[in-house]
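One structure coming up, written as structure tokens, with questions to follow.
When the chains are written out, they are named A, B and C in that same order, and each has its own residue count from 1.
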Amino acid sequence: MPPAEPSVLSAASSPTPGQSAGAPALRLRHCTKRYGDLTVIDGLDLDVPTGQRLAVIGPSGSGKTTLLRVIMTLDKLDSGTIEVFGDPMGYRRVGDGIVPDPRTVRRARARIGMVFQQFNLFPHMSALANIMEAPVRVLGRPKEQAREEALELLATVGLTDKANAYPRELSGGQQQRVAIARALAPHPEIMLFDEVTSALDPELVGEVLRVVRALARDSRMTMLIVTHEMNFARDVSDRVIFMERGRIVEDASPETLFTNPASERTRSFLRAIIDR
Amino acid sequence: MTFDAGYALEILPRLLQATVVTVEATIGGMAVALVGGLLLALLRLSGNRVLGAIAVGIMEFVRGTPLLIQLFFLFYVLPLYGFKADPLFTGIIGLGIHYSAYTAEVYRAGVESVARGQWEAAIALNLSTAQTWRRIVLPQAIPPVIPVLGNYLIGMFKETPLLATITVLELLGTAQAEAATTYRYFEPYTLVGLIFLALSYPSAQLVKRLEARRATR
Amino acid sequence: MSAFDLLPALLRGAQLTVVLAVAAGALAIAVSFIAGLARLSPVRPVRMAVAVYVEVFRGTSALVQVFYFFFVLPLIGIQLPAFAAGVIALGLNFGAYGSEIVRAAILNVDRGQREAAIALNMPPALTMRRIILPQALAAMLPSFGNLVIDLLKATSLLSLITLSEMTFAGKMLVQGQGRVTEVYVLVLLIYFIIAVALGRVFKLAEQRVVAGLHLGPRR
């Protein structure tokens, strides 16, 4: 895969009103997040061009999950800014400075979707109902249309026959695939995958990775994938960042980072993973 | 009608003295409940089906019927069979028996939360049943349930006014007596409410803190 | 003379007991949800106001509250008939305890559910209505069952403000005919039977809710 070139890829983004020309899908500047004394994200800068498949790897506690969580607005940054397709998230530009503005959060959030490590399916709704919930209740789509689209999404993840099954009747891999379909239903432009196979029994991992691979191949979404599955990260991504202690230690193409990493810390992390 | 602070101050000393009776009833009642509950719990957990069923039957019946009636029963019925006792004593027994049914449940939960492995280790070490209970199980079962018992203590405190119906001059009874003569209800009953609040709210906070400390251990 | 001629008077009283329990129970459940949800409001003054209500009603004795509503409120202009005073006092008292049940059940719903709803851009009210409350409901029922049984027992307090429910009926019988033992044993038995019936109803409701919401264990 060719190395990432921000300005070239962003020109091919889907036209959206209010989007500044050439703005990347995500722009993080000086982002810091603390939990008590612990700094989990430390002055992080990151540009993610539209349509990029970005893999995020690193040891636990490196801040990779928190990175996704602040983008998804599940946690608030202590300082720093995030722009989604050029639009500020959580604040408003006033003159030279910024002022908090909660309304911008919902607008940004509407363009981002997330798949969780623990699936988080709604247990009291069938698979189909889970997928239809956001399109019908949040986006106001008519039920019949939402149902048809939901069935198509179920077909994409290979679970047409489980439309009326409830989460407790599904295996972990099946639940996660439904969760992916559910996240796709509102047609987000950015998809976040937070260690989506880490909670699965080994034999169920493959079916989920297959779905994510297909998404990477067939869609134009910008994808951020936090994962421990190195081979998968290598196959699916255009760009990899290695995080440690809240900072990006290395940022390169998969070929470079996995075969000939520049940093010694990346090297020792990869050695530890592969030697398992 | 406005609150007559002067009158309130006038009756306050009498009410505070009555509060002592309330506290006595609470402490006495809790003592009975702690012992009675332990006995019921031991019966229940004894493994003997008959004893266990009797214990459960008593607990269900006592918990499923009003304390007020139980107090009436003890106060009016017992003397007929020769058990004459002073109202406060009857009240303490009544409270104690009623709350035994609840503390027994608490003890049971505490005992069942002790890991199986503890029992097995005790068997392997050839400890007698009594020793196992006394030295291994109860010391582990009781500390976690102390906050819950604390809440029942506070609950009992708030039910002591029922003793007024069997002529005990605790806090409410005294206020009632006062109001009956002067027809001024506002000040006495408000003071009663405030005294209850002043004692139960800090206690409840204390219990919450105990629970929080347990959780972090 | 058998115990059975005591029954008619007692059962008449039991009728009022049940009516009082149902009325106060309905009020208590409504208050529980309103106060429980309000306690989770992002608006601080609302949270504080409800917290004060809950702590005052939980921190003082139910009997004192009943007396207060019946004896003191008239003195500040609010004249309530005994039925209303009793129902409102018990409804507010048990509503305070119930609000804690509601609040705890809502907070106990798995955090991931709320996060999934946020990721789908669901507004807070919708999340509460469609995702959180249905799951919290199953958790609330057992505690509410116990609360309602306690409420049933608390209606006996209303005999002290002249309501002729079962305790009052028992007292009248004792005053009129003696036979203390028989009367009070019967009264205890009838309360017990009603309490057991209520317990069964709640158990059934709980089973139905868990099944209907498909919240049971993995199959």
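FYI, a residue touches a chain if its C-beta (ideal position, glycine included) is under 8 Å from a C-beta of that chain, and two chains touch if they have at least 3 such contacts.
The structure displayed is predicted, hence computed values, not measured ones.
Path length between subunit A and subunit B in the chain contact graph, taken as the least number of steps between touching chains: 2.
A centroid comparison over C-alpha atoms places A as the chain most distant from subunit C. Per-pair tallies of C-beta contacts place B-C first.
One inter-chain figure worth recording: subunit A and subunit B are separated by 55 Å, centre to centre, where each centre is the mean of the chain's CA atoms.
Averaging Cα coordinates per chain places subunit A and subunit C 46 Å apart. Centre-to-centre separation of subunit B and subunit C, using mean CA positions: 21 Å. Looking at subunit A, one finds that none of its residues touch two or more other chains. In subunit B, no residue touches at least two other chains.
Residues of subunit B touching subunit C in their complex: 1, 60-61, 64-70, 72-73, 76-77, 80, 158-162, 164-165, 172, 176, 179, 185-186, 189-190, 192-193, 196-197, 200-201, 204.
Against subunit C, in their complex, subunit A makes its touches with residues 72-74, 106, 109-110, 112-114, 116, 118-124, 133-134, 137-138, 166-169, 179, 182-183, 186. Looking at the complex, you find that subunit C touches subunit A at residues 110, 112-113, 115-116, 118-123, 126, 130-131, 134-135, 213-219.
Interface residues of subunit C, counted against subunit B in their complex, comprise 55-56, 58-65, 67-68, 71-72, 75-76, 149, 153-154, 156-157, 159-160, 167, 170-171, 174, 180-181, 184-185, 187-188, 191-192, 195-196, 199.
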